[in-house]
Amino acid sequence: MQIGLIGLGKMGFNLALNMRDHGHQVLGFSRTAATVQRAVAEGITGVDSVEEMVARMPQRRVIWLMVPAGKPVDDNIAKLVPLLDEHDIIIDGGNSHYRDTLTRYRMLKEKNIDFVDVGTSGGTDGARHGACTMIGAEQAVFDYLEPLFRDICVKNGYLHTGPNGSGHFVKMVHNGIEYGMMQAIGEGFEILQKSDFSLDLAAVARVWNHGSVIRSWLIELTEKSFALDPGLASIKGVMHSSGEGLWTVQEALDLKIPVPVIAGSLFMRYRSEQEDTFSGKVVAALRNQFGGHQVDTK
Amino acid sequence: MQIGLIGLGKMGFNLALNMRDHGHQVLGFSRTAATVQRAVAEGITGVDSVEEMVARMPQRRVIWLMVPAGKPVDDNIAKLVPLLDEHDIIIDGGNSHYRDTLTRYRMLKEKNIDFVDVGTSGGTDGARHGACTMIGAEQAVFDYLEPLFRDICVKNGYLHTGPNGSGHFVKMVHNGIEYGMMQAIGEGFEILQKSDFSLDLAAVARVWNHGSVIRSWLIELTEKSFALDPGLASIKGVMHSSGEGLWTVQEALDLKIPVPVIAGSLFMRYRSEQEDTFSGKVVAALRNQFGGHQVDTK
Amino acid sequence: MQIGLIGLGKMGFNLALNMRDHGHQVLGFSRTAATVQRAVAEGITGVDSVEEMVARMPQRRVIWLMVPAGKPVDDNIAKLVPLLDEHDIIIDGGNSHYRDTLTRYRMLKEKNIDFVDVGTSGGTDGARHGACTMIGAEQAVFDYLEPLFRDICVKNGYLHTGPNGSGHFVKMVHNGIEYGMMQAIGEGFEILQKSDFSLDLAAVARVWNHGSVIRSWLIELTEKSFALDPGLASIKGVMHSSGEGLWTVQEALDLKIPVPVIAGSLFMRYRSEQEDTFSGKVVAALRNQFGGHQVDTK
Amino acid sequence: MQIGLIGLGKMGFNLALNMRDHGHQVLGFSRTAATVQRAVAEGITGVDSVEEMVARMPQRRVIWLMVPAGKPVDDNIAKLVPLLDEHDIIIDGGNSHYRDTLTRYRMLKEKNIDFVDVGTSGGTDGARHGACTMIGAEQAVFDYLEPLFRDICVKNGYLHTGPNGSGHFVKMVHNGIEYGMMQAIGEGFEILQKSDFSLDLAAVARVWNHGSVIRSWLIELTEKSFALDPGLASIKGVMHSSGEGLWTVQEALDLKIPVPVIAGSLFMRYRSEQEDTFSGKVVAALRNQFGGHQVDTK
């Protein structure tokens, strides 16, 4: 299959190589010429513009967007719409909010351009050697693309989750669970690290990956992290986030579902990005007011 | 009534003046001579030792301990026991754990020394001008002391909560609620402070104290805090804690009661005492492992 | 002042009597004729329609909406707009989302109709005898209305919080804090209730209202609740919510502020509305899968 | 190796078969004769009493306890102590609290009886076909037993975590993480289940197990659960717990580590065991008091 791939960052680049390995012809585009060159060096066909990409592809074109959520997706779709023919396919493989996906789907539907949302998990390594994809699409469009997904995903690693939007929705919840799991792991290892037992954290993670109830890829990555840097001394505990955990909590709120764990994970991430908190200042001031408890000063 | 008061710190000193104002004779002792002198300057009778205190008091002695929880209480009781006569009364007015209180009660009961646990709320200002006390005691012992409590508490501000231990138990839960209320206030004001509206936080606290559902002494103290330092710029948001919130959570765990709010308050206090977290390092390392997300470095 | 009051429910009715007591003439309207009649019996002037209300009022009209948030506010504004003259004033005294308020303000501004958002706290009793109001308005509009607010609020119980939207915003956060405080109180009293000490919960609430750190109107209401029904045996612990706690959490998420306590309160409310949870089923199923732990069945 | 195994329940029985398969001779004892018979039918040597077990074993005996935490462990140790010779080995393979383990270790040390704590993970299936074990022991004792652990665990599935107590400590934290992970999964699937997309939950779990970031044994078990009962209609969402999650939270509290996720998981378990909550009644009563909001009645 010929695929036009827009966005050759960490995920897009690896995906391109993955597609190439399976005999697909990838026309790759990135706003940065150097990024395109890096892909060309790996056997990807580079193009200088979206216009060139579309011009070089026969119908029924398959254009895969692997760009950051939000404006970049809208901008690329806006550029593509006038260039494409009916039933060409745009795939959004990024972490878009599923409600944006639904809006885009309806807009593209009116123009008879097919749209597919693909939630992609497995990290950069998965993108390279076998991803896990959750695919929201009309049945016929999915059927057309299924051979591609079969190739670039690990065995049984793709699912037609349902109609448009469902792919990004399922991926969003996947990430929400991921937040909770990661925070649980973080809390557990902090307890291990602060205990009086001098534990070998890499060894603990390793044994947990062999037969325990919590064996998982995340614990494997924990093992790798400790193997590289046993005390994690070189890094700061600032936990950034890119939106999907937040969206999961917002969705839960809309559905009136209590999600203390996923929300708790998110709050600890936000807290980690604050040097100091205003809420803490208020509480410290109150303790000082009623009890004469000393406040810490700068 | 004559009261031997051991401990003339922030709470003890104010309580001594409060008792004095109501015509009670206070024999005050502190390990620090200067502290005793400060009390003497205010009309309190100073003593140089616990032995002197006991020697100067006729039976049925009333000895009020206002010292930190834990070892100081045990040490003072150990010193008092051989000096006291049967049915002398030891009052523990500090923040002891109610289980320790029960242990001490049983030990003193065997020696026929009466013991009373008093949970004291209202801060230093309450200690000075009218406290709120929760009193665990045998009925006859409470009856004997009731005039003292009537004097030093605000009107209706004392309660015989029940048998020994119940005073400290009720005070512990009071503080647990206090933690939750304070964190709620802190969170709310952080939202106000970060909003696009340029709000006058002292004015908001003030209006909330006049007729709103959340009007309370804590919101009054919030108002005062903002009046003193509108942006709380001079203080750090480090929230120390002295045990009762922790004990409340531990008690809830023993009773299998979900207490997400009180526990959540406590966790934010602990978090505020950490510069960086190991749990955060683990999560940051994991994000780096699977997604190539940059970690913050020192 | 003459006020057209739309909505004579629990809050509106009491507010009407409050206004009347202070010499204001209230023209009251409700969709339900019986509701209007009840107000008429109390000396309120009843009108049969919004049209009649507007027709009977001279300029500069003051129309106070006391209707549920959302569509009822929009519907009433839509009905009023063609009837009003420039610089007539619409007050939204309900619990509208401040973003809706901003939208309405901009729309009405284009028509030169003045708009004011009033967050009203203090419950039905406050509405009747002295409310607490947070007022978002242009300065001149606020100045025009200030005598009204001075009359219907407790002393110092009104605040011009700032520009339009700020009144509802501050009220929203007020309610968020209220959620946290209430859950903290609930958790504390559950611990008291389940303890081995046979505590008189009404008495505990009462003593806490006299001099303790957590003395507050909410603890006063707790005392009243236990005085009416000591074990709260007649009521179920289902905690409904009407939006403002949710909005506070959503706002905090937008601002990346950790709010474990306010969110935790909200989650417990949502949980209380569920008989059983799907999340619980999943966990029970997992425990059964790996450990052979028996599941509870229906 | 010859092993005396006390306790032939779900875990013990499977462990016995596992040991047998690797050529070890197991003398099995249970308080219930029928349970012993079931093991005998599978080739285990049954004994009628602990005394018989000890009498039939030559020195250096290895006695493995697989009984519930607490009293059963103490009772069996008390029975064994007078029967054993120096440097016989008692293994506690159950979920004992590591502090109890330390107490028992010190007591047995004085009698020169060797003690080993083994945290065993992997569920019944792991016990049967390859467990994951965390082993707290003196080095020489561990060395003596290592061939046994190598046999009954999956490859790389055993770890000498350190001195006595560390095995149960690491297992405790493992379970704490497990609680957090399970609750995260539960919350995520509740969102999926309540969404407007009609998702095939078993299929979602399946695809997540093939290449996603959250692939794990727990998600595999989730897949199995949904395959067996797609809507989990037959089971109730009551989440029991057996102590280790609680202990993890208690340990974190002692170490002043914020663990909102593990604690949040535990609270949701406790909540699921309550039909109704007293905290909820208090909040409902308060809402009724100030706002006239209807309470739900029985």
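As written, the chain order gives the labels A, B, C and D, with residue 1 at the start of each chain.
The working rule: a contact is a pair of C-beta atoms (placed from the backbone, for glycine too) under 8 Å apart; a residue touches a chain by one contact, two chains touch by 3 or more.
To keep track of the chains, here are their UniProt names: A, B, C, D = 6-phosphogluconate dehydrogenase.
Everything numeric here is computed off the predicted structure, so don't read it as measured data.
Common neighbours of chain A and chain B, listed by label, are C, D.
The greatest centre-to-centre gap from chain B, using C-alpha centroids, is found for A. In this structure, the chain pairs B-D and B-C differ in their number of contacting C-beta pairs, and the larger number is found at B-C.
Separating the centre of chain B from that of chain C, both taken as means of CA atoms, is a distance of 34 Å. Chain C and chain D have CA centres that are 48 Å apart.
Once the centre of each chain is set as its mean CA position, chain B and chain D turn out to be 40 Å apart.
Residue numbers of chain C whose C-beta contacts span two or more other chains: 122-123, 183, 185, 187, 190, 194, 213, 217-218, 257-260, 264, 267-268, 271, 277, 279, 290.
Within the complex, the chain D residues that touch chain C are 10, 122-125, 182-183, 185-187, 189-190, 193-194, 217-218, 221-222, 224-225, 229, 232, 234-240, 260, 268-269, 271-272, 276-293, 295-298. Partner chain A is touched in their complex by these residues of chain D: 121-123, 126, 130-134, 153-159, 161-163, 165-166, 169-170, 173-181, 183-185, 187-188, 190-192, 194-195, 197-199, 203-204, 206-219, 248, 251-252, 255, 257-262, 264-265, 267-268. Every residue of chain D that touches chain B in the complex is listed here, in rising order: 213, 246, 249-250, 253, 256-260, 263-264, 266-268, 270-271, 273-274, 277, 279, 290.
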